[in-house]
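Same chain, two partners: chain A is paired with chain B first, then with chain C.
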Partner chain A sequence: MRQSKEFLVITFSQTTDAMAAELLFRDLCVPGRIIPIPRQLSAGCGLAFRTEMDQKQQAQQALVEAGIRWHEMEPVRLLV
Partner chain B sequence: MIQVNALGDACPIPVVKTKNAIKELHGAGIVETLVDNEIAVQNLTKMANQKGYGVKSEKLSEDQFRVTMEIKEGSVSAGEESAQETQECLVVPEGHKKNVVVAVTASVMGTGNDELGAVLIKGFLYALTQQDELPKTILFYNGGAQLTCEGSASLEDLKSLEALGVEILTCGTCLNYYKLSEKLAVGGVTNMYEITERLTKADLVVRP
Partner chain C sequence: MIYLDNAATTMHKPQTVIDAVVHAMTSMGNASRGAHTGALEASRTIYETRRKIAKLFGCKRPDHVVFTCNSTEALNIAIQGAIPAKSHVITTDLEHNSVLRPLYRLKEESGVCLDFARADRQGRLDLQELEGLIRPDTKAIVCTHMSNLTGEIVDIARIGRMTKDRGILLCVDASQSAGNTPIDMEQMGIDILCFTGHKGLMGPQGTGGMCIREGVEIHPLKEGGSGVQSYRHRQPVEYPTRLEAGTLNGHGLAGLSAALDYILETGVETIGRKERMLAEHFYEGVSQIEGVKVYGCFEDKNRGPVVALNVREYDSSEVSDVLSVDYDIATRPGAHCAPRMHEALGTVDQGAVRFSFSWFNTVEETDQAIEAVRKIALA
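Up next, the complex of A and B:
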């Protein structure tokens, strides 16, 4: 049986914003990665950043400071 | 009530025929589908559960099954099918699984912009890990060889695919050419005979 886990998934309206967020989070050591947007969430640009549930505040603050606009931050259960 | 004869039909035909019959009801009603294998029964049952229809199945004889669906008023979602629902073959019989081989021929997906292409191939390999049906083999050659080596952003996904039983093979000639022979971080090294064999014996070759 494959395991799943709840992640915080951040979606973006623009692909370039998702790519910029990936670089930003890498620089700030926010754990996580770019993934294609999970089917459970509505479209957006198709890319999302998947991070740990406890990173919401840090991620939000970093995006605001960098002026990167995000669309949604949602908990989503994904296969690990 | 509409009766559907799907005897002798292989997946996804029974599901498709049944869906068409449900559309013809234009509302509430009963659709009875006759099929000759248990896989079709499972697929129809799964479809009914996804759509919220009442469903029961009976074995009429050794090779005949009847699946009865009860569609209630308002449960037909006109034209609101998600990509997941349109995937008709939800259950594949054990032993009849397709031999799917993924051939990764470049370090990017598609042509146009390589920065975007790198993000896309990373997304593709992640999405593979999320599929119910995994490929049997993933081949990496030419520029694709970089994806199985140290520094690749896809190592985590490839290692989890390997742990799930997917064969990961990288072209040795390519590793040598790119001076990556010492850097391979997941899967095995292969040669052109094996690559050719995997490709020619595959039921389906997916090239992202």
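Up next, the complex of A and C:
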């Protein structure tokens, strides 16, 4: 079986918010990248931001300060 | 990148399309707004585009070709503008949200009664069942020509024979089939044909439209500038102006015009044959891999160039992500804006990874995609 690993996954209710978060995280050097939304968090389609588990506080604070809405921020095991 | 997401939009366009857009952006005025050289060039280019669309789809009148920014807009105009309140409408499980949502809205806001022709586990419709849904108060059948999820083709001509003598409006979503499957509105009995310019038609995004059969009345969704009859209070009643308030995407339509030249010269059959060959080759490769489940019915060779699958119990999003990051292969995961089809196929939870092929894909690319799926599926 392929290996998997736990990531912190942040979901958004629309793509515009995901794009804003991507820019913000790039500016603040929060590691990670955009992925398709995993089914554990939403059946359907859309984008999410995947980062390392230890980034939770920084990511959350950055989003709040920038006024970017997110939907969920959860640990998810993903294929690597 | 190996681009296999052509059902979402074609990324490789003929060079002539790109050149036409660049040329238009340096020479076009506003169509139907004045008579200087630039404005006339825009008017002429757009009229030529109407003629080519009419030719491609067997629409008798170029002035009944209306341009919109995509098929979603065309479907909204058609569904909201041609279906009377409180009437009965039939649609299918295969539909995209651009059909479903405007219909659900009519149901909620205008008392329209909606019935669905069901898809089986392989995503096929039973047209006899569909015919059985017709009632005396049925006013419209809205149906896709080709499923964006499985590539299933619906026998529109057969539905056209059901609607013709009953005075039922037949509105067809040709978003996936336009450019790869022959369409003849007259022969197929289509009243309104909605298309998008950026998929199989190989044009720029922001182009699309509808072909309207003579005598079909559609109430405009928008009112506004038209460049003609300026002192009238309301939108002119003549097509296409009736449904085209505001400046058209002339630059995009110039590109679509060049794309239509390319398609008409190459031939829809030729393009479709190659795309189907690639999809079939891919299907044959992946369907033999242990742990791969392909959706849809492949016994019928007359199908769209789309193959949707899942690998083991993996989330389709993760598989698509691995394909992108590790193999540089572009596919689409998740739900494909076709919720009822996912219910029929049993893929609501897992979604599906969709591989969709275009005229510009090659057998080598297809082989690489098969190999990537094989590696991902390795236990």
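The working rule: the second predicted complex is superposed on the first by the 76 of 80 C-alpha atoms of A that agree within 3 Å, B and C clash if a C-alpha of one lies under 4 Å from a C-alpha of the other, contacts with A are read in each partner's own complex, and residues count from 1 in each chain.
By definition in this document, contacts are C-beta pairs under 8 Å (C-beta built on N, C-alpha and C of every residue); 3 or more make two chains touch, one makes a residue touch a chain.
All of these numbers come straight from a predicted model, not from anything done at the bench.
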**OP:** Quick one: classify A:79 as touching chain B (first), chain C (second), both or neither.
**Re:** both
Original post:
Is A:32 in contact with chain B, with chain C, with both, or with neither (first, second, both, neither)?
Top reply: neither
Original post:
Thinking of the overlay built on chain A, is A:15 touched by chain B (first), by chain C (second), by both, or by neither?
Top reply: first
**OP:** Touching chain B in one complex and chain C in the other: list those residues of chain A.
**Re:** 2, 35-36, 38-39, 78-79
Subject >> List of chain B residues in touch with chain A within their complex >> reply: 82-84, 115-116, 119, 122-124, 126-127, 129-130, 153, 156, 160, 164
**OP:** Going by the contact rule at the top, pick out the chain C residues touching chain A in the complex.
**Re:** 314-322, 333-337, 348-351, 376, 378-379
**OP:** Name, in rising order, each residue of chain A that touches chain B in their complex.
**Re:** 2, 15, 19, 33-36, 38-39, 47, 78-80
**OP:** Show which residues of chain A lie in contact with chain C when the two form their complex.
**Re:** 1-2, 35-40, 43-46, 78-79
